[in-house]
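Each of the next two complexes has chain A plus one more chain, namely chain B in the first and chain C in the second.
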Partner chain A sequence: MAIPLAYLGAGRMSAATMSRQPGFANSSIGRALRSSWGARVTSYFAFVVAWQIVGASFFRVPTPWETLDFIWREVSGGDHGGVRPGQFWEHFSATVPRFAIGISVAFVIGVVVGLLIGSFSFVRALLSDVLLVFLALPAIIWAFLTVMWFGLGWEAPVYTVILSAAPFVAVNVAQGVRAVSPELRRMSDAFGVPRNRRIRSMLLPAITGYLFTGLRFAVIIGWNAVLLAEWFGAVDGVGWRARLWYDAARYKGFVGWAIIFIVFIFLLDGLVLSPLQRRAFRWRASPSSDLKAEVGAVDTESFTNTAIGL
Partner chain B sequence: MGWAAFFGIWAFVSAVILDEFTLPGPLKVWNEILEIVRGGSWADDFLISISKTFMGFMIALIVGVPVGYMMGRAGYWKAFFHDGVVGAGSIPGIVYAIIALVIFGIGFQGPILAVGLISMPFIALNVAEGLEGVDRDLLSMSTAFGRSDRQALRHILIPSIMPFAFAGVRLSFAIAWKVEALTEVFGSSNGVGFQIRFAFQGFSIAGVLAWTLMFIALLLLIERGLAIVERWLFRWRTWEQAA
Partner chain C sequence: MATLQIEKLTKTFPPHSKDGRPVRAIQDISFAMSGQVFVSLVGPSGCGKSTLLNIVSGVDSPSTGTVTVTQDGKKARLGYVFQDSRLLPWRTVMQNMLYVSDLPEEEGRANASKYLEMVGLGHAHDMYPGQLSGGMQQRVGIARAFSVSPDLLLMDEPFSHLDAITARSLREELQVMWNATKKTVLFVTHDVMEAVQLSNRIITLAHGGTVFDDTTIELPFPRKASDPEFAAQQAEILGRFETMELERTAAKG
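Here is the complex of A and B:
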């Protein structure tokens, strides 16, 4: 009980009390460490240290250095100490088109189905439970089914991405359509606003945000889906390559690829999707809660929705 | 009507668009389910998977509540945990399965670790958000009237955190259940995920569908159940939401 209480006032007290004390805490390094930037750097450092400790105590877990060394050999085409040279780009360039085609098709299907569900109540009644089952289906099931349907090749990954990502786009678009206020709709009925103006100034602004959220889910879920499908049903691609190292019991290869998977999705999210989403939301006031504001595009609700789809 | 539509579409696709072998119809899968149920060991598989999931949740609560508490209380810790907690949502599920497999190999600890890792950020984020909503006047009043820190924790902080921690569990249940099964697919010798993998390796499409349907039915049932439990446990809060 005593430990958590120490934090009760820690947030506001520490800066005031510590700045009165001389020595390290008040030096420029001490202050830099306490800033939120310092906290972030410290957290990454702590993560690497924790990994090092786990790596040293479990014999299968490679250390950060071994993993980094593996990634470098794989990317640069270097030698893995055997007959196999590093192969990163050929597998990466096999996976990316599958992923991109899958996401594009999933997005189009999702938008169409979402618009239908959002606009017509009988479509919603008809499809809402179908959608529920599709949302609840893990990507691994689609991977298994498509592998059994199409065999090994490019089809299984592409179809797995489509089937697992499309429902999330549809749900988001449908929510967007339903978020158009009924008063606006009735008013434009009353004033006889023409159809294409209605779409441009009423529907589009209402669903833009939902479209981007849907796209983000599709990308995150689709990435997981393409990896799983390649793991079980392909003869090349990054998922297959990770499996190769697993089957060879070379765990640093396995973990190295897991790191590459994370880095890829973080880069895609941080450099492409989040800026796009922020652009689409420029005209809006920022969210109220400050934790949410800081978290930015990933507010708790979309975070939850994303997670359901993995 | 929704469920009738679901089975109707399924039967139509199976009979007209594809064929009975590619996509077995509802009836065939139902017979497969009956066979699995008659086999008897299905209950064990589900019990094993559920108990692994809940053990994972226990670990996630034990770690996630203090982390969320620190994040909600101190700016330093909010910045410290921010990247990890937010980034965890976009890490592919397969990575969690890999981590669990590498650390524990094939065994029962892997799925527990995967569930713990994936649901911890939800709980932490929810608790942190819950703490920001704690009535600060209530806290300063309890100090003014000489209540001890212990009493403040017991009567103000914990009651305000718990609903959020529980909501974190409920919200992350669907994903935890999926990652648990995924980890079992990759490395386990029992559980639902193992059975799905087993059906896949036997090239039994009906078998995969039968286990999947049972898996989804249980997911939806437990989710509804958790929602009811949540409403019952925190029924004292309803006046607050109504206000």
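Here is the complex of A and C:
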């Protein structure tokens, strides 16, 4: 507990006081704890401590150690007390293709519908209320409906993901299209830029931010959707496996799978979406003064000489 | 040879509100320009200069009257330099140049390089607009407009957003560029000094969107603001401006 208390104590001191006192708050550890990284570590630490206290106090809440032990057994195929050996990879490999197919189809449909709604007022009038209905319907309704339509199998999870996630992509893309700079549109008109090139070089990059927002929403909504659909309408998959532990009233199993779901989303965001977003927005990198200085060394004389040499 | 013919052009915008009245931006303007000329449209803010340029470029349409732009009897190719650079921020300088090009890829790159060299940005091909200063961005905008080999080049107050020193430098560069290429240019500005420095001919628009004055400038290039003849020409046009303003004030009563 000493580290968080020191962190909180340092936060109450004024900057002037801290700069005068050479104690712990001004040491390298103290400075690290006051950084945003330090704040994040402190919050994780506080959460685990609180979890441990609650887990030790109530038998229906597993402790962090019990949960981690369960996850390790589930992932490594270990024994769960003589029954139901760990089957993480079997179920995970059943769910991921469903999720990936669902999200991919939802993304394509969402982008196309969003482009149409954003570009044409007629399509906007036609589909905006329908889109609102789809946005308002929770994933659990789609999970029930698709299970009733398709029965137990891979179809219900895939269609639940598509129906739940596509509207979030569409609504964001439509907003992005409407936000495209009219000056850039006018420039493209003035130079007679062909339609395909406009879409590829102006429209799609202009809506990239909205596209990523839509995709992030879609991934989170879609992941919830696939779990729900597997919970009710599949014979394998991580949702089905989580339900197995729920039905067996094995708390550490159920909480363990909840932790796995969260970790999966964190990893997907950190290892796939964030790098993709950084790559898509590399043009936003802060202007380099060195580069400006290099290219800025242009004077009228050099320009004149070049122009005359035509 | 590029020819711009404007006949009895009027442009009226619909009212801003239900109770408002239609706004007449241009009223019965007629003039023609042809060949290797640099024509400036000068006038106070709100006199319809930019509206006229938008109609000539085809971005906007006239309410009445006709605008024809031809090159040897065929439809002319236009280039446009805007008040701001209007570059795609997510594309490099070279990609911005290629965005408006209708040449095959390799030929387009060589052509773009030539014009970027002309504006002193030969080393900036792979830079993004955000890495360039405002003046450099506008240089790319000028290079982009010249690179499409326009029969008629339209320029809408291209230096109005720049600081005085950069604007002066770019005016001198444009003068050199025009003398090297002799494109037909229609240049909009509210700066009489700028118009006198760059143009063969100055058309002055009055409030209400009518042609007030049409003057030919016969000073030799390059023109320097410090030359007495330059100052005299500028004073003469400004004098006519003052007369116009006095008459307008008197008419208002």
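Note that in this section the second predicted complex is superposed on the first by the 242 of 310 C-alpha atoms of A that agree within 3 Å, B and C clash if a C-alpha of one lies under 4 Å from a C-alpha of the other, contacts with A are read in each partner's own complex, and residues count from 1 in each chain.
The rule is short, and it goes like this: a residue touches a chain if its C-beta (ideal position, glycine included) is under 8 Å from a C-beta of that chain, and two chains touch if they have at least 3 such contacts.
Predicted model only: the values in this text are computed from it and were never measured.
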| item | value |
| --- | --- |
| Partner contacting more residues of chain A (chain B vs chain C) | B |
| Which superposed partner A:127 touches (first chain B, second chain C, both, neither) | first |
| Contacts of A:220 with chain B and chain C, given as first, second, both or neither | first |
| Which superposed partner A:43 touches (first chain B, second chain C, both, neither) | first |
| First (chain B), second (chain C), both or neither touched by A:201 | second |
| First (chain B), second (chain C), both or neither touched by A:148 | first |
| First (chain B), second (chain C), both or neither touched by A:247 | neither |
| Touching both chain B and chain C, residues of chain A | 291-292, 294-295, 298, 300, 303-304, 306-308, 310 |
| Complex contact set, residues of chain A against chain B | 1, 4-5, 7-8, 10-11, 14, 34, 36-37, 39-40, 42-44, 47, 54, 58, 60-61, 125-130, 132-133, 136-141, 144-145, 147-149, 220, 223-224, 227-228, 231-232, 239, 242, 246, 251, 254-255, 258, 261-262, 265-266, 269, 289-292, 294-295, 298, 300, 303-304, 306-310 |
| Touching residues (chain side chain A, partner chain C) in the complex | 183-184, 186-187, 189-193, 197, 201-202, 205-206, 208, 283-285, 287-288, 291-292, 294-296, 298-300, 302-304, 306-308, 310 |
| Interfacial residue positions of chain C with respect to chain A in the complex | 57-59, 78-80, 82, 84, 86, 88-91, 95, 99-100, 117-124, 127-128, 130-133, 136, 139, 148, 154, 169, 172-173, 176-177, 180-181 |
| Of chain B, residues touching chain A in the complex | 1-3, 5-6, 9, 22, 66, 69-70, 73-84, 86-87, 89-95, 98-99, 101-103, 105, 118, 122, 125-126, 128-129, 132, 149-150, 152-153, 171-172, 174-175, 178-179, 181-182, 185, 196, 200, 203, 205, 208-209, 212, 215-216, 219-220 |
